[in-house]
Every structure is written in C-alpha cells, then in structure tokens.
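Just so it is clear, A, B and C label the chains in written order, and each chain counts residues from 1 on its own.
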Amino acid sequence: MDDHEELAPTPGQRAGKFLKQKDIIQTIALGLFFTAVFVVLGLWFYPKWMPEAMSKEMVGDEGILKWFTVISAPIAGIVLAISAESFMNRRKGNEPATEDGAGIKTHGPVVLIWSAVSGLFCVLAIVWGIVEMNTWTSDALTNAPHALVVDVTGSQWAWSFEYPSLGVTSHDLYLPVGVPVQFNVVSADVNHSFWPVQLGVKVDANRLETTVVRTTPDKLGHFDVKCAELCGLYHAYMETNGEVVTQANFNNWIATAKANGGTES
Amino acid sequence: MPATKGKTVVGLVVTVTLSVAVLAGVGVLLHGHSYYNAPTESATVKGTIVGPDGKTYPHAFISDGIFGDPIDSQAHGKCNTLTVQEGTPAAAACDGGHPTWPSYGPYTHLVLPAHAYVTMTLHVYDSGGSLNVPYYASVVGTIGGTANYDGVDKASIDPTAVQHTFTLHGVPTSSQDPLFVNVPLPQSDDADAAGSPLPKGHTVTFSFITGGKGNYVWNCEYPCGDTSYQGFGAVMGSTGFMSGKVTVI
Amino acid sequence: MGTGTIVGVIFALVTYYVLRHHYSSPWRHNHGMDLTNTHFENVTLICSMFAWSLGFLVGIGAFIGPFRWLIGKDLTDEENLYLAGDGQGISRYFRYCTDHKVVGIQYLVGVMILLGSGGTMAMMIRTNLATPGSHFVTPIVYNSLVGLHGITMIIGLIIALTGPFGNFIMPIMIGAADMAFPRLNALSWWVLFTAIPVLSSAWFLGGIPTGWTAYAPLSTQAGPGMDAFLVTIIIFAVSTAVAGANITTTVVAMRAKGMSWNRVPIFVIGSTISVALAVPAFPTFMAAMVQTGLDRTLTTGFYNAQQGGSGWLYANLFWIMGHPEVYVILIPGVAALMEIAPVFVRKPLFSFGAAIAGFAGIAGLSVLVWAHHMYMAGWMPSLNGPFMITTEFISVPTGLLFLVVIGTLWRGKPWLKMPMLCVYAMLWNLLIGGITGIFLSDVPADNYLHGSMFVTAHFHYTLMGAALTGAIGGLAYWFPKMTGRMLNEPASYASFWFIQIGFQVLFLGMFMAGAEGQPRRVADYAQVFAHSDLVSTVGAYSVGLGFIILLWAVIHSWRSGKVAPMNPWGAKTLEWTVPYPVPLVNFDEAPVVKSDPYGYGRKVE
C-alpha cells in the first residue's frame, strides 16, 4: 500500500505556487511600475497645469482630478502590465503559428471579481461626486440670503455684469473677497457659457432663461472670465477680466462707477 | 528585387510629397480666403497731450466710418459711389458679395501706437434701432467716460436709437494689457443706400489710452443682421463688415 | 454614377431656379419675402440639395427595382444578376450594384475619402493653433474647419467598420450568400454618397459657425452653409437606418446552419449591437435637424425662446442621439480587435459571454446617460446626480471589454503583425480615454472641464485612439480577403508608429491645455497655452505623416502588393475559407458550422 498518499494542496500552497511562476512575478512587477507611474502622474499633473484655485469649488475640482487618477492607477497597472508582459512574449515569423496557446475559454471567479471591483470603483466615484455636489449645494443655500448678486449677460461676443443691488454695470467682474456671490446668468442671443476659471464653477447662458451658479472667492487676485460654449465668430475673444479685491477696494470701485453714471469709466 | 524596391520607395516618396503638396495647397487656399487683406489704417501721431493721470502721452489720431451699404464704405473695393448702381457688375466689384450689408469703412484693421492717447473719429451714416443689451448704449473706457456727438459730450445715448457700436475688447488676456472701449453710435435720420448721396449722418469723436503692445478685436454690438436670429447672423457673423482687428504696436 | 450625377445636377438646378424665380418678384422684394430674407434663401438651398440627392438616386437607377415591383413586373433573375455586377469588371464599382462585396469596397473608398478630408481639415486646425494669434485662418474659417472636421470624422467613423467590413466580410463570416436586402444595401451606400457633395458645398456657402453639435439657436442664426449641414444629416440618417435594418436582419435571419448565437464571431455580434443601437438613436438627430430646418425656413420657434421654444430641446434631442452614437462608433472597433486577438495569440477569446455582456451592457446603458453632456447647461441641475450615476456605471461593462482582451492576451505568444499591434494601441488609448471619461462624468470635476480642451482630448482618445485604431487593424487584417493582396508590412509598421506616437504627443498636449483652462473650439488663445498647443501641433503632423504613409501602403499594396494566400493569418472564421476573388455567391456549398470560431488552444492542465 502507498503510504505517500498526497493530500490536496491548500489554497495557501496553491497561491504560493502560483505566485512563484516567472510570468506572474514579471506581471506583478510591471503592474506595480505602471501603477506608480499613474500615481505620480495624478499627483503631479493637475497641480502643475491647473490655474490657481480661488474658491473651495476649484479646490474640490482639482482634488477630484488628482485623486481619481491615483485611484484608477491600479486599473491602468493591471491592463498595461498584462499588455506589456504579452508584448514581451512575442514570437517572430512570417507564418501563422503551428502551436496554439493555452485553451483558456473563461474563468468565472476572475470575471466576477473584476466586475465587482469595477463596480466598487464606480460606487466610490459616485459617492465622492454626490458628497461634493451636496456640499456645494448646502453651502450655496446657507450663503444665499447674504450673497452678492451679479447678473451676468452673455451677448455675442462680450460679457457684461450688473450688480442690481448696487446700481452698477460693468464689463470687468470685480468681486469682494470672502463674500458669497450668486451669478444669475442669461444670454441676449445664442448659448454661451459663463466660466470664471479660477473660481471653479461654470454654467451656460441661455436666452430668456436664468441659470444660477454660486461660489465664494476666497483669495485675492486676478481671474479669467471665459466663454466655454462656441457662440459664433468671436467666441475665442469673448473673454474679460475678473478681480477679487478687498471689500474696501470693491467699495471704491463701486463708488467710482456710480459717480460715472452707473457704468465703470 | 532592387528595381522593384526602388520603384516602391519612389512611389512612397512621391505619395508623401504629393499629399503634403495637397495639404499645403488647401492651406494656401484657406489662408487666402481668410480676409487677412483687410484695409488697414495706422494712426497718425501729432504732438503730445497730458492725460487725466497727469502723464504726457503722444497724441495719435485716427478716423473711420460706418455706411449703410458696402459700396459707400469702400472697404470691399473702390468704386465711384455716386454712379455705380446696385445689382450691376460694377457694383459686384466693391460690395464684398453682399450688396445689402452695412459696413465699416474704409478701414477694418486699425493700427495704434502703444502707450498713446488715441483720438478716434467716426463718421456714421446708417439707420438703426434697438440694442439687444442696453449696456452697450453707454460709453465705456474713454477719457472722461464720454464721447463727443456732433459737438456735445454724452456718457450714453438712447438704446433704442442706435445704428451700430464700436466695441473694442479683449483677446485672451494674461499676455497683454486689457483694453476695452465701447462707443454707441446714434442712428441717422435717413438711411444710406448705394448710388445715392450720403445722408447727413453724425460725427462721433472719443479718446482712450492704449496700454502695451497687443492684438485686439472690435465688433459691433448692434444687431443689424436682418431676418436672422436676434439680428446677429448674416453681416454680423462675417468678417470685415461689422468686425475687425486693432493692433497696438 | 455618371447618369446619377447628371440627373442629380439637373434636379438641383431646376429646383434652385424655380424657387429663385418664385422669390424674385418685385412685389415679394417690397414685402420682404424674397431672397434677401434669409428664410427664403434657406428654403431654396435646402430644397435644391434634397433635389440633388433624389435626382442622383433616380439617375443611378436606385428606384428601378421597387418601381418594377410596384407595377407588378418584378426584376427577372437575369436582371438581378446584372444588378449584382455578375461578370462585369471594374465598372460595377461605379454603378448601383447589389453585390455586398462591391458595396463593401465602395464604403471602403468612401471612408478613406471622408477620413482623408477630415484629416486635412485637422491639419489646418492644428496649423492655426500652432501659435497664438490665429495667423493662419480667421475665426470664421477656423470655426467652419472645426465643425466640418467634426461631422466628416463622425460620419466617417460611424461607417468605418460596419461599412467596409460589415458589408464585405460579415455575410461571408456568417456563411450567407449575400445580405438580407441587397438592393437596400446598394441604396445605403449611394444615399450616403449623395451627402458628400452636399456637405462639401458648405464651404462655398459661408461655412458653419457651430461645431458638429450644431447647437440651437446659433444654428438658426447661421448663414446658408448650415443648410448644407442639416441636409447632410437628414440624408445620412436615412442611409444609416437602411444599413442598420439590413445588417440586423442579415445576422438574425441568415446565419449558416449550425451557427447558433454562441458560435457567431464577436465582430458580427459587435457590429449588430452597434447598428441596432443606431437605429433608435439617429432618428432623434434627424428630428433635431428637421426642426432646425423648420426654424430656419418657416420661422417656427422650436428653439427660439422668444417664441416659447428652447435651445435645451435641441440639446436633449441631440445628445439622446449623441451619446449612443459614440458607442455605435466604439463597439465595432473594439469588436474587430477582439476578432483579431485570438487569431494572433492562438488562444480562445477570453470569456465570450463577458464580451457580449460588455457590448450589450454598454449599448443598453448608453441610452440612459445623455445629459452628462448637459451638466453645465443649467437645464435641470437636479438630474445631474442621476445622470452621473448612470454614466459612471457604464465603466463596468466597458471594464469587461478590457478583461476579455487582456484575458485573451494572458499567457499567449502574440504574433506581432499589424492587426495585433493595433490591439495593444487600443488597450492603451481606451484606458486613457475611458479613465478621463470617468473624470468628466463626475459633476464637480466637469464644472472645470466642460467646454475645455480636456473634453476634446478625451473623446479623441476613445473615438480615434480606440475605434479608428480598430478600423486600421481591421483593414490590415481583412485586406488580404478584400483585395487578394497583403498590406505592405514595413509601411504599415511605419505608419502605425508615426500615428500612435504622434497621437500621444498630440492629445497629451491637449490634456495639458485643457487642464490649464483653454476653452475648446477657439481659433485663438492666450500666451499661457502656447506651449501645450505647439506640442499638440507637432504631434498632429506626425499623425498626418503616418496616415499618408498608410494611404500609400493601401494604394500600392492594392495594385502590386504580395499576392495573399487564402488564409494568411491561420484564422478559423468562415471568410478565410473562400478564395480571392470571392465568388458572387461566396460559397459553392452552404457551409455547416460545427464549432465556435475560437477553437484555439491545447487543453489546460
């Protein structure tokens, strides 16, 4: 009788044997490398190229881009690792191969785990997005009663800004720092899109419909106001200046404009 | 075989060269149709003047006009404006392809000196109506916040009696000084049509101070693109009639 | 084609002059109802363009079959054979020919013309953006370039795979003798053909100031070139509907004996799902264009807020088409590469079921996500959350597609011929395109990214990097069966690297510009973007060079390339069992299928 009846290998033993195979080790190494590349990319790219954040919303925008890149790095890692491993394993020749590869038709657990993990990533992205959206909405609602209202009119091909409570209309957008602002945006003609870049918010301008967006500029300085919806001939030139200034400077600016008959000189 | 391989390489080189030539040809064609030959005027500098900030600036002068038809504007070809009849081949040579469109003229590209006190005069002859956005009936960006209308200084005009505006505004900022000027132009009592003498019209003069070198654009904010949506189609959506460039050098 | 053109031109000119005369009376002039009124100019142009299309189809004999059927004297077998181009030489490619292989070649040439024209416009666009200042073309020319480049490429990409390969290869792949509706097949091609001169005429009518999205009311305000655009879309929608019905019916009803659904090649499944998705989607674009046409001619107020309409109506109708449409483009490209990978790795396609689930899931979800293009429109901010949820979830079936491809690659020994190289390129490009899509689908991030060059880079990565790469791979793969020749290898490899490396430079530069805050569709930009735009332009020239080399490779190989054996890749699908030139009815005997086409692989221990 055979004393050396072998017991079936334990999952741990199986895993150990699996991980010791050459192509598995290489793939894992490649995967770690590509994951690291994308992590570094996410952490470096957006802060380097995105303009200065002058509101909480802009900080949130940049954060999402940065961290979503980092979170999706492992996905890039696996896909690129397997592609690279396969590429490295290529064969030469001008005739079709005579020998086939392994006849793996499917692998239930892998499909299931892959779907579950990608589903989880989705849920994470959704939850992050919804939480961020809700924060902005509730902030806006809290600030609404004491927000400075600016009526933004987009017309082909220039912006004009009216401060109805202060009786001033201007082509430059001056805002006092730290004061919540509510933009009521409308178009005189075709669709435009009001984009005060460094404030991280945007909303389209439509004819006879007022759309609203809110933010609180929290840093002093210059920002750009651009149009983000193709609106005809001079869409590229539909830009103007924004300035976040101290309350005192803002009051001076308003006073000068009012002395000039309600428009800035 | 070497001969075939040589022919192959020649074929490849010829294809690449021909394709690049086709691309270049298309490029030349599009560039030519791009209205870079806009009639240009440079401001003339005569003496100096003290600005409202107390500094002394070179005083530059420039003038232009607005007409109810392209032939009188002379911006789309030179014709004898009194004898040419609308709809004739002679008219086609100087109406820019659109005999009924009003036009700035004779210049649509203005060249101004940097850091100068620029005085601009516009002789305007077209009929008009209401602006889409009343804000553009105010004078913005000029010295004193006013413009001189037939001898009278005003800070704004009736937004329902505007013929056109001269709105000089930003190209993408951050590499050049901002420059924004808006001057509304009051409508004429009689309209200007080709082949007939000009109506009385108005003379509007205003001044502004330029910053550093830069490229700017101007367009009119009065919707004179008749029968198009909000009046901003047709003539308003084409180059060289109601829009142009300003270069500060 | 000659008679078609003549009759088409006659119809168009007659319509044009009749309407001009109609609108030219002095009475009409005095009452503003003449051609100086843009609405009447639009009526004249739109009617003339439709007349051209109809006239061309009449002239080329498209209606002879239905007409004869209507009067009870249906075409005889001989006449049908003649219509199928039996025994005719090269002239059958210029005629109304019902042989699906002829239609496939016609589509291939059509796709090459469209992509070549779109590519030329892309070179012009990037040249203008090489430096700030818009020195190359002025804004109105630039805006037209952007819009016409967009629509030309979209049309070209929609038909890039289902046109040439869906027509030529697919019936053979399923063991059929032809498509279900051969006459409709020819019709779908020639209808599309009539749209090409119509679209080109936009250049002579002042161009278009909108992008290919043709948002209202800018489209209402636009000059006569817009009429050419909207007529093109309506014509194209007809062509797509016809082709979609044809392909779907063929695959459902005409598979060979023994080819049950789990033995159908994945390219056939992908193409069918794609056109089945197109059939409900494109009519909304057509409807949107019809309404634009009515606003431009009869001054209806669909999109005019002053008359009680809204631009948002257009946006919704457009994007209900627009989002499924990008999957109509993407799915055949990925499916072709899924067809290719098993052949070149000699392993079964990993999890055929997951591939189908992936395609079907994408197609099903794609009709629920459209308003993610409208997060910033202000239309209904309360719906931003729900649309974000549906959009994020599309990444799950998309992820399955990745799993299928990398599962097929896993532990295989790839044969790195041109079709296989395209598989790797697609994996990289769709990875970046897909992940950046997830960023864009997140509402807060979209606050910054919407309307910027980031969006442009994202969709070029998916549509061009994945779908067009799939089309190139498909071309290299099926070239031997369609032309009897092998595609020149050194040239195809050179073109591959010029295109793909150039592509990365071009669009990674564009992600930079978008992150920096450059809006999209701008003829000119601030100095701060000069660096990224110049980088993009250099990449673009490399892509252009790569495509020129590919063009040479196609023409040269077609004429004098190496003669191809019947099955150069050692593949197992049915199209590789027929010789070249493929007989008129494809098979001598109807094939009987006994197994799935991915029967590679020694048993796994």
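By our rule, a contact is a pair of C-beta atoms (placed from the backbone, for glycine too) under 8 Å apart; a residue touches a chain by one contact, two chains touch by 3 or more.
Since the structure is predicted, the reported quantities are computational estimates derived from the model, not experimental observations.
Chain pairs A-C and A-B differ in how many C-beta pairs are in contact, and the one with more is A-C. Farthest chain from subunit A, judged by C-alpha centroids: B. Subunit A and subunit B, compared by their mean Cα positions, are separated by 39 Å. With centres defined as mean CA coordinates, subunit C is found 29 Å away from subunit A. Looking at subunit C, residues 139-140, 209, 217, 221, 522, 524-526 sit in touch with two or more other chains.
Counting partner chains per residue, subunit B has residues 171-174, 229-230, 232, 237-239 touching two or more of them. In subunit A, the positions touching at least two other chains are 189-190, 207, 224, 232-234, 236-237, 239.
Subunit B meets subunit A in the complex at residues 132-133, 135-136, 138, 140-142, 144-145, 155-156, 167, 169-174, 178, 180, 182, 217, 219, 221, 223, 229-230, 232, 236-239, 243. Across the interface of their complex, subunit C is touched by residues 8, 11-12, 15-16, 19-20, 22-23, 26-27, 30-31, 33-36, 100, 171-176, 215, 225, 227-230, 232-234, 237-239 of subunit B. If you check the complex, the residues on subunit A that touch subunit B are 153, 155-158, 160, 162, 169, 171-172, 188-190, 207, 224, 232-234, 236-237, 239-241, 260-265. Contact residues on subunit C toward subunit A in their complex (touch as defined above): 134, 139-140, 143, 146, 209-211, 215, 217-218, 221, 305-306, 310-312, 343, 345-348, 350-354, 376-378, 384-385, 388-389, 392-393, 395-396, 399-400, 402-403, 406-407, 409-416, 424, 427-428, 431, 435, 438-439, 441-445, 447-452, 511-512, 515-517, 519-526, 567-570, 598, 600-604. Contact residues of subunit C toward subunit B in the complex are 32, 36-39, 120, 123-124, 127, 132-133, 136-141, 145, 206, 209, 217, 220-223, 304, 488, 491, 522, 524-529, 544-545, 548-549, 551-552, 555-556.
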